[in-house]
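Labels run A, B, C and D following the written order; every chain starts at residue 1.
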Amino acid sequence: MGQFIQLMRFVLTDFRIQIGNIEFKNPLFTASGTFGYGNDVPDFVDVSKLGGIVTKSITLHPREGNPPPRIVETPSGMINSIGLANVGVDHYMREMVPFYSTIDTKIIMNIAGSTLDEYCEIIQKVESISSDIAGYEINISCPNVKKGGMEFGVDSSLTAELTKTLRSLTERLLIVKLSPNVTDIAAIAVAAEESGADAVSAINTVVGMSINPMTWKSNIYTVFGGLSGPATKPIGLAAVQKIFHSVTIPIIGIGGITNSLDVIEYFLAGATAVQLGTVNYQDPSSGEKMIDDLKTYCKDLSIEKISSLVGKVKI
Amino acid sequence: MGQFIQLMRFVLTDFRIQIGNIEFKNPLFTASGTFGYGNDVPDFVDVSKLGGIVTKSITLHPREGNPPPRIVETPSGMINSIGLANVGVDHYMREMVPFYSTIDTKIIMNIAGSTLDEYCEIIQKVESISSDIAGYEINISCPNVKKGGMEFGVDSSLTAELTKTLRSLTERLLIVKLSPNVTDIAAIAVAAEESGADAVSAINTVVGMSINPMTWKSNIYTVFGGLSGPATKPIGLAAVQKIFHSVTIPIIGIGGITNSLDVIEYFLAGATAVQLGTVNYQDPSSGEKMIDDLKTYCKDLSIEKISSLVGKVKI
Amino acid sequence: MIIEQCKIIRNEEIAGGIWEMKFSAPGIASNYTGPGQFLEILLENKWSFTVRRPMSIANVEGNRITVIFKIFGRGTKLLSERKIGEVLDLLGPLGNVFSGWNEKYVPILVGGGVGLAPILNLFKECQKYKIHSNLILGARTGREHFMAHDPSNGIYLTTDDGTLGISGTVIPTLKNVFSDVDNPMVYACGPLPMLKAVQDFVIQNKIPTQLSVESYMGCGTGLCQGCVIKKRNIKAKTHSYHERYSLVCMDGPVYSADEVCFD
Amino acid sequence: MIIEQCKIIRNEEIAGGIWEMKFSAPGIASNYTGPGQFLEILLENKWSFTVRRPMSIANVEGNRITVIFKIFGRGTKLLSERKIGEVLDLLGPLGNVFSGWNEKYVPILVGGGVGLAPILNLFKECQKYKIHSNLILGARTGREHFMAHDPSNGIYLTTDDGTLGISGTVIPTLKNVFSDVDNPMVYACGPLPMLKAVQDFVIQNKIPTQLSVESYMGCGTGLCQGCVIKKRNIKAKTHSYHERYSLVCMDGPVYSADEVCFD
């Protein structure tokens, strides 16, 4: 009987989380740029296991991206400079979005622009058509495109202006994705919150560089690229913890997650959900596996609601 | 005969570098906080092989540092929060400085303070006594002490004020050590240059955090600490490259160096010299070994002057 | 395309710095469609090796898959140290295949350096179907070769330093062989300078040619958009959705010689 | 203290999750000064393992050094997979030694968990000098023990779950043994809760005691200032130059029980 009750408890561990007015079945999302548009992943991946999918950044016009080399491995990480290669919003709405009605996973459309107007135009296009998109993640922080919105990501007042404007255009979830390449990430988060964002996500990639010491060539065509992967986990955790002490909206933690214990670290630091990026390149079904491992963790520690961990780091 | 000339060439590879009016016999220095005061290293280390030694940060008064835990390993890196534990300037001048007359390696005294006056008082004390100190590295960037000067490191005008004031107090080498935890590290470097710094060094540690997911405890007593080691090499390289395009004074590259090819990367990105930090914990004689490896590299590539590599990355 | 935990059943140095590794990989083997396809190998430590390492399939026999690799850096060094019985996490089969080889053509197969794996695979496949082909393999020096120089059977080895077979790069030999055959079709894989030289020659001489190209890969599954190569001309709709670049992992690694651009 | 490349000459699991590894380490062995000292082991990959792993010396015989370790995380897992003949980079010997053990006292040696290595070392040393001592070793469960429970020879094993020897922690056994001996001197090493309990008991009973403590180490050589432990009282001049903290790698790992503070 005691055993039965204990069994009951794990069955009931509640993985649902809430951001804005949207409920997600679990807090594991894939990160932008690491899972395509969610419609063209390898067959062995069951996208319906994920709490959410964040699309690669979509721009007003199609973008071919930067010349190669675009990627290089670094100690416990990698640098990329894809340059926002994407099909553009029109193609996206026409070709990819219909797929979403076939899956039971929330879709967050990540958008990027180089001017306020570009961001607005994208959202207006999406809002003009009925679709299964749950919300937007605003990329104000792509470090490897000259006009990729970096100006917004490093400045509180620009972030505020952008957020306020986009807020007026949509009722959907509005998430602002923050750059770690700033002096005070919490200040930018506060600006986003005060301007109506439903949540912030952090972090995008860290500006990095790599050189081939034998050929003297930059390993990345654009010289500077974005560092991601395990190397950046401490930076992402610190960002989440700082933001947690500054805002009341949910935080989506990103950066260097490779296993379920990393997810727990992000929760304890203050994240309500997390996004998996680089780990998808090793195994695009990592998310499914982590959900199973999280279930075991919660069972072992008798945790009834995953959301009860948020911000519970002991200092 | 041809062989003889080639032989001659490697013998003559010139490792000397110049910063301000000081010549260093080679460009490999140890980084602050990772080599003590240079006087108490393991017996098997030959400090006279190094181009320079940067002391741990010295403050006006002795500091006991932060409570433990102060250190934790992270993917390809570590976080520390030592809290500027040091003997204070008086003890340092009395007990450690006399040792320097016994070695043929340039000593750079790293100083930290929480107010402009503290920095000044330290330098005034040092300047009032004759000593073998070649110059100062100003730590304006220690991320784990509340009053550790962080205010200076993130602000161009405070950096300028501090640099200008210290410049007026000493003819010795004045190096400003920069924090990576800023939006625009090049702007701070420019402020230091314009205010009379002889060089800048970059980077200090990156703000990071780590949590034990089983006990839910922060792995660092002060919660936030400084990330160092290979994980941060791409960040350090990017910082050096950015600064290189903004200033004309020499840059001392720091961050994640573990071998001679890492040193080459820093040179190509724009460094005139480098500092070795975390690698000393694996092997405090790493510097000596890297000098030998650099000699082989330069021989193989027929490089006559190590300084000819500075900034030569091919884009 | 699947992820499979595969036991190593052979790992031997077959020439100087060149290793042959065989796996038991029933799942991947049963999805395999032909020479040109590759695997993405996960190296043991998730912290230390962020991205998988792409390796061409050199042979498939029943459940067994062979790769041939050269020790290049940290990852391939680690691979060479793996022992029989250990298990590696493989993602595959990936990519497209060499196509169009049949009785109507005389295939000339050109492999250089680490590019010999898919070329050898195609060579064996031609043998299996009794299609007479010519094989030209280049290396820097004799100790990197593991086959016999045997021109009478259409196997030509070249070395940059002349220590084995024909002295020089593969290009002069390609030209010679080309002048001897009717209806040639060239298949090549190897280092960039070699591919460029092959491309120049075959375009000039209008020889139908397929090149298997390399690029730095982040994922092998189309997700990272990192592995692009520049296109020479514009294809209709590809996995990369773009006109100027093609994703090597999805649209390649095999391209017609007039499709890709190496600058 | 030196850095030495040492060949592994033994690596066996001697109890559940507990491994014994032996090295040929002539240089370190010749510098060794006694039980209590430790090594810092560099794990193969510089990228993946940033800091060395400290391990107490469990025995020195001629050129050979033994460590006993428990699989705790990534690093100790990797250690357990190392094969005989492989070489590890060791830094040592480091730290101070257990002192004051001689005929005048009856040593009571208390070891728990991974803390048994230096305690076993001291036990053997006492045997060598014919000093009768008592050995109390604690573990969570029977399968973690590799010695025989042998109270008649002064060897007491305890298990938290009662599956071997005396049920319970080492503390009740320590109290019992203490009440039986004249002039006891306690030496202890083990997990924090055990050391705290030992400390409480010995201070209350004014028993001269030395504790070997653990702390997270960045270097083992005094350079990082990371390994501090809080002091209970103030020592004159130590390597840490400070009054409130002591550097475990240089001033420890062995401290008098009244010197250190575990909160």
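The rule is simple: contacts are C-beta pairs under 8 Å (C-beta built on N, C-alpha and C of every residue); 3 or more make two chains touch, one makes a residue touch a chain.
From a predicted model like this one, the values you see are computed outputs, not experimental measurements.
Of all the chains, the one whose CA centre sits at the greatest distance from that of subunit B is C. If you average the Cα atoms of subunit B and of subunit C, the two centres end up 46 Å apart.
Mean C-alpha position of subunit B lies 36 Å from that of subunit D.
With centres set at the average Cα position, the gap from subunit C to subunit D is 54 Å. Counting only residues that touch two or more partner chains, subunit C has 47-48.
The residues of subunit A that reach two or more other chains are 74-77, 229-230, listed in rising order. Interchain contacts join each chain to each other chain, per the touch definition above. Taken in their complex, subunit D has these residues touching subunit A: 47-48. For subunit B in complex with subunit A, the touching residues are 74-77, 79, 154, 181-183, 206-211, 213-218, 223-224, 227, 229-235, 237-238, 241-242, 256, 261-262, 264-265, 268-269, 312-315. Per the touch definition, subunit B reaches subunit D in the complex via residues 33-36, 40-44, 56, 62, 64-65, 67-78, 80, 82, 85-87, 91, 229-230, 258-259, 278, 280-285.
Residues 1-3, 42, 46-52, 89, 91, 215-219, 221-230, 239-245 of subunit C are the ones that touch subunit A when the two sit in their complex.
For subunit A in complex with subunit D, the residues that touch the partner chain are 75-76.
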